[in-house]
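Chains here go by letter, A, B, C and D, matching the order in which they are written, and residues are numbered from 1 within each.
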């Protein structure tokens, strides 16, 4: 099987997410990394790309150059990953899709609901694959949770409780550090801080495992570090289409929590719990029964969970392999196979609608607000 | 030192809380258990009291008899524990206080805010000790948390997040079991189900550790088992007088959580975490530093934490000894010493005000409501 | 039911084990604490006893006085707890038994195998109850483990692995602290340090859960702090009568382990794991199946586990209540009922035989040695 | 930077270790996977290699063909990974080294001590890199432990305790399954079963973290499933050159342990603990202080730990990235840089010497035996 050709926009030297994408795309030998516009500083981007093994003529100075020149090649890249600052995702994703490239876009996919809906339309019209990197949904044990819910193993879902709270922005004396400050500045981050940054991962997770969608929500936002204009802590109550009650807490000032992303799903006949710092176990309790530990790689897990696990039971698989799973499924999708779990532009648009709904609700003292994009109402 | 004389109303055979009180009161040899009206069925109560070693003439058929006869004795009981059904707490507590007995009342102290304020006044007028059994606050590591907050070790508290969620009422096929059903029936439980049952423990804990009071709240209630009139799941956002943001989730349908009561406190310079299923450790993270495990009994803990721990480091001490700590402090208070941590009638009245505020808010789609008793506004 | 009368030798102010016995004996209201010779300093012992509520005429200056005067009383104590320095256990236990008192002796019961066998004989001849405080065996979930093994739920036991390792004597600069030093000085501690102190708890646990006895062993001892004559770290391999392979590690220099006592039992069809720092859970894995968490207090546990648990599921019960369970069973045994799990003088004698066998083996470079008392060969 | 060319012998379809090597070699984009003899069945091997993207002319039928034809190419592979059945490691590794290829050999490197010493000599003479896949040593937090020991942060190491115990061969009814049976059959596995399979990982880990070597050992072996000729459970006590006491337990019948590989290191001034199922945390306790959790990726960890971590703090990195770290360091070494932590042929030879020493000791009832290869005595 020949490899797909892969390129990247953003993810330059020192970026957090760049390495995860490169590990993810390359781990399984499915892609050749052949092109990139990795940095907003053209020279740095070109030099870094070449250090990563990209030929000089495909080490681009900016994404416009990359778009133009790759379009012109016979051996142009199959897939472009967009890992640039958030405000540029929309334009880059849209233009690459329209030019016929498959795209994997980092979250948030866009900055507004309208842009989100636009990507949905563009992607559909293009016939290209467009995915959003909600990569936590690609952990084998998250797929196992979803498969169990779908199979009715915990009955109708009554309640989903999810948190994505860390403390890495809890130091007020570090609040002016540029790597932190922009996240709470509307000029750069848009309408929401922590909820748009981490909360939408949790909200996607709730929808993903429940195979259901958020309909309405009520939010309470706080800027616990007063110099911040945007929220660094948020609580969102929500209701899903199927009637499930949702609770979501997200914080960046929860000092001592490192990567506190977890989800609990409670149904009529059982409960499930998964946590991103211990991703290879899924905790399951049947109603009236004992709590059981489902191990990644054990006999009898769902087809999806088995397919997306690479090494033997209890050999831990971490975040980079969750990203790799997104790339595995993208490769299959690009080759024309169906991959049900890939996060879609619709997911990206729904996230934006939820962000704007939460902002509106928080401003209105927690009033309940429709959380759906207009196109899905 | 002669022992105090102790009696109990309620807590009969098969009750959940009776054994905890007897273990708690007797463990340290501070009290003689000499009187009781243990059951609403007079004969069963008298027989059980005698099986527990109480003399026949102080094994009473009901609390009215106990009140009348103990009052008439020279060697009357010093302390009465009230562990009857919730709706009777107010009357029994009030009358025993007025008759000059010290009282430890199970929570909820009353069914209404007005009754709560009445107990505050009666207790003050009586000159007797009246305490409410918020016994989790008497765990050594909870006291350690409170001492650290008071000493400024985590700076000003920004955020407190607490959960008290279990799954023991999650089986809809068991919902008509009388031991479960009454909790969700307004005729027996009053205006609130799970929040009044467990949520107020969590709310007291937040106030206790922060040495602060809840001022306002917004609630979202759900009856996830539809036959229930009262809520079996609730989310409450709140604000404390000092500005601290609060988040409280309580549930009885969280299948797989056994006794999921925990609290996290996040301040300007550190975070703390405590969980009731692992009560002998307090998790502490200084901002920018490593997470540390503070062990019950280690050198250097606060005076309160040291005083309320009985056996060596890492020898676990559990729920009955937390209750015992309440009795230890009650004995000291009865003897005229000051005991700062004992839960007060004011705490009981505040809980009721929070319950009524949460009910009002939940009915008003999460509107923010004053959560203080009128007497403390 | 009238209370039994209880007295204590040793366990004076500041002792580690004294409070555990007082909590344990008093918690359930089964005993009145009426006599004591609590300290080797007569005046301190008498004063402390009176502070604990003992009448002046039964607050004795030494155990000889207590033995003589209690024997002479009509209302003499039923049960005497011996919690004195180890070297005195034998004589005190023997004389109180011969004088017709029931005795609970702290471990080690004696300093030699011969003394151990003597207590076995004396106890049998006396017709009194003699128990040794292997109190960990009285945790509900330890009883559950034993019940499951007996019921064949894990098949024939192939392997038992147990550790009792802590780091509280790991500071060489504190090695001359008298509270630490005596434990490694043959003049005070006898032939063995850490193995005799903690290892025999682990060995008893292995025998208890497996309902089997150690036959032979091979030991490796180390004095990792060179000034110590006796071992502060030991590994003991052993074989049980039924063929089970045993592995036991014990250490007092394992810095970071607080109370690292755990046991794992592996049979033909399942495995069990229990740890003393998390005593309310028993971890069970059926062969080929998922790991399950058995909670203290859950429906369906063994009769013994249910009987020895006092408060509801997941309300933790700790070390003092394990000691209390010994006292509960002692009270029953004193009243003539059968209590199968009470640790016996035979257990005490077997421990001593194992200690001497381990010392002999360690001196002989790990040669395998018969670990049984001569009377049981 | 141009990629290195990589080939693989063994690791065919369905093998456990093949995927880990492919993920590890490809994740960082340092190698092109261009050649392979993946299966002992020539046709299956060729087909599978091509499905993995290898050109038809480098998809070989057996390793002899691969050796001959790669030697003849100008663009021959730089590095060959040997992941064949154990008994063939020696010959393949030796011949590829002699032919001028760099080699990464799976453990055990050889079947005898003499072969191990031969590889040491051949590798030295060849001037090629030869590494053994003790990949657990490449986890960032294992490197952190080693760096802390080297920096004296826990003082002189007194004691190292390591376990590698699982239960995946605990089902006697599955003992004849060919995937299990060969491991306990001397005709296929050599002189040792579980100790040679997993124990040597643990022994390497102890040496690695302590930067010290095993000198002598005493072993107790058991075949708890009687049909097995080789041991399925082993306890090994050892002493290191620097005087450190070692304890190692390994088992394949510990039902309920999934991948129970952990190591504890206790020094004069602190203790460390690491476990392979939670590889991103290192637990550290300074003597007399509180236990701290060191997180992969936190500020201030050692250079090695920082270098070998790819994604942000608390984003878990698992087993495939530990293997990848071996490949990262191999690439650097092949390019002439120094990489101190790479497992060497000397490590491989020492493992074999320990295996034979343990077998000899176990047969001699635990007698202490020199555990060093003759060349290192």
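As a working rule, contacts are C-beta pairs under 8 Å (C-beta built on N, C-alpha and C of every residue); 3 or more make two chains touch, one makes a residue touch a chain.
All values reported here derive from a predicted model rather than from experimental measurement.
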| item | value |
| --- | --- |
| Chain whose mean Cα position lies farthest from chain B | D |
| Higher-contact pair (C-beta pairs counted), A-D versus B-D | A-D |
| Computed distance of Cα centres, chain B from chain A, in Å | 42 |
| Between chain D and chain A, distance of the C-alpha-averaged centres to the nearest whole Å | 35 |
| Separation of mean Cα positions, chain D and chain B [Å, integer] | 54 |
| Multi-partner residues of chain A (at least 2 other chains) | 288, 291, 295 |
| Chain B residues within the chain A interface of the complex | 154, 158-159, 161, 165, 167, 170-172, 218, 220, 222, 224-225, 233, 235, 237, 245, 247, 249, 251, 253-257, 264, 266-268, 270-273, 283-288, 291, 365-368 |
| Interfacial residue positions of chain C with respect to chain A in the complex | 288, 290-295, 298-299 |
| Chain A-touching residues of chain D, taken from the complex the two chains share | 1-3, 16, 19-20, 22-23, 26-29, 33, 51-53, 166, 168, 258-259, 276-280, 295, 310-321, 324 |
